[in-house]
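Have a look at the structure below, then the notes.
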Amino acid sequence: MKFQIIKSPSKGTLDMLIRRMGTGNNKDLISTDAVGLVQGMMIDMICAADIAEKAVGVTVKDIRGSCPQNMIMIGIFGDTASVESAINEIKDSLKKEKDLC
Amino acid sequence: MKFQIIKSPSKGTLDMLIRRMGTGNNKDLISTDAVGLVQGMMIDMICAADIAEKAVGVTVKDIRGSCPQNMIMIGIFGDTASVESAINEIKDSLKKEKDLC
Amino acid sequence: MKFQIIKSPSKGTLDMLIRRMGTGNNKDLISTDAVGLVQGMMIDMICAADIAEKAVGVTVKDIRGSCPQNMIMIGIFGDTASVESAINEIKDSLKKEKDLC
Amino acid sequence: MKFQIIKSPSKGTLDMLIRRMGTGNNKDLISTDAVGLVQGMMIDMICAADIAEKAVGVTVKDIRGSCPQNMIMIGIFGDTASVESAINEIKDSLKKEKDLC
Amino acid sequence: MKFQIIKSPSKGTLDMLIRRMGTGNNKDLISTDAVGLVQGMMIDMICAADIAEKAVGVTVKDIRGSCPQNMIMIGIFGDTASVESAINEIKDSLKKEKDLC
Amino acid sequence: MKFQIIKSPSKGTLDMLIRRMGTGNNKDLISTDAVGLVQGMMIDMICAADIAEKAVGVTVKDIRGSCPQNMIMIGIFGDTASVESAINEIKDSLKKEKDLC
């Protein structure tokens, strides 16, 4: 599993991500402070998404669009502290291995 | 073969899963208590789905949508005890190797 | 090459398989007694399909649908004895290696 | 590179192959005596197709359909002697390695 | 992660790249002086795109089109000095490993 | 990176290649004397295409069509001497490694 946090992402970067979501109205994400990215196997990304969803102050998105391939990346949008906190919760669960969810 | 059980999945997580099913009316799954995920080779996932289908109190779904790629994940929806029981039946069959179905 | 035989497959399991065939009217397969699954490289699956087609009492299907990806699984439908017999003929050919067809 | 020759292919097997060609009218191939299959990397399959095309008495087809993925298999249709001869010409070229075309 | 800089790209090369972008009006890119290419895992390419976007004098594009597969290449368009500078900023971030963004 | 040169390609072979280009009117390529094929990673193929484009007497095509997957093969069409010369220029650049473009 791989993690990245982009602080103050450029508009072009957010456009790339939003274009890959494919569903719903995600325009408000363009003014996000930070974005956390998590990449991994689909089964783990569903768990990571669930952990992040239960964290506060972040919006979680499946970065893939409507073509149902292997979901390999989720984006976690919010202010920098909330994104970092959500990423840390995923990393903490990961340490307790075989027990991510 | 990889297993995960998500207890009290968030609405966003269930939305991700339901969006990847593609067929039929799966709206009632949004109020599921737990979801078990099983990821593996297509031939094994068909067997795992059949074992889970024959367990009680769960609904089994192919998490992929309408584009017939490698089915690599199934979702097992139901109350926590039923989902755990269905996952255990798959794990038990897996121990008797070469004999999953 | 990997083999599985599912006896008395559940309706949900057969639905998953039929939904992945994509072509023709396969509704009569829903009342099949057993289904044999064979997974492997496309070139070997064409040969395995030909061997099974020449066996008696079974219907052979390419489990993929209309999107012409790598065919990696065939389903062999029929009564349990016929499916087992067709699978055994494929396994026998496989033993005489480099000579599957 | 992998080779198979199917003598007297069943109608169902030829249907599977023809359904994966996607282009043109290939109905006359249903009465073919034998089919040779060659699977490998796209660049090698183009060369193999060219060698087979220059052999006599065979029809060469790209077994994939209209979605331009990695072409990984060609079918060589004709009477058994012609198909075997075309396959042998490809194998002969392959022996003179780095020089398939 | 892999890097290439093409100075004075031919019109045909730029056509290939522009045809793979799929979105928006990219016709002005046909007169670019240089193009930098970066290939890697999707999560890293989002970071690399963000670094390049924040550099001056370049336009960053996701070279893939509308089908949301693994984004594996970005193109950085601009005058030779700006493209080289943006590529160097990505390489510099890469040296401080685990810290690309 | 892999190279092949087909001298006097058969009409069927050229049809296979042209069908995989998908864009524009490529009918004049059917009378080409020779075709050079280069297969490799997308980032290298863009560079190889640019080198070939700058050679004389050849037409360079991306052999994939409109579905923006990994471009893994380019075709170089022209008289035999020009195709061989273009392929050699790519091979020469390849020798000066890390410096293909």
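Per-chain numbering from 1; labels A, B, C, D, E and F assigned in written order.
Assume a contact is a pair of C-beta atoms (placed from the backbone, for glycine too) under 8 Å apart; a residue touches a chain by one contact, two chains touch by 3 or more.
Just so it is clear, the model here is predicted, and its values are computed rather than measured.
Chains making contact with chain C as well as with chain F: D.
Relative to chain F, the chain whose mean Cα position lies farthest away is B. Bringing chain D onto chain F by least-squares fit of CA atoms involves turning it by 60°, to the nearest 5. Computed from the mean C-alpha positions, the centre of chain A lies at a distance of 23 Å from the centre of chain B. Taking each chain's centre as the mean of its C-alpha atoms, chain B lies 46 Å from chain F.
Contacts with at least two other chains are made by residues 67, 69 of chain F.
From chain A, with the walk directed at chain B, the chains encountered around the ring are A, B, C, D, F, E.
If you check the complex, the residues on chain F that touch chain D are 2, 4-7, 9-13, 16-17, 19-20, 22, 37-39, 63-67, 69, 72-73.
The touching residues of chain E, counted against chain A in their complex, run 23, 41-44, 46-47, 49-50, 53-54, 60, 62, 67-71, 100-101.
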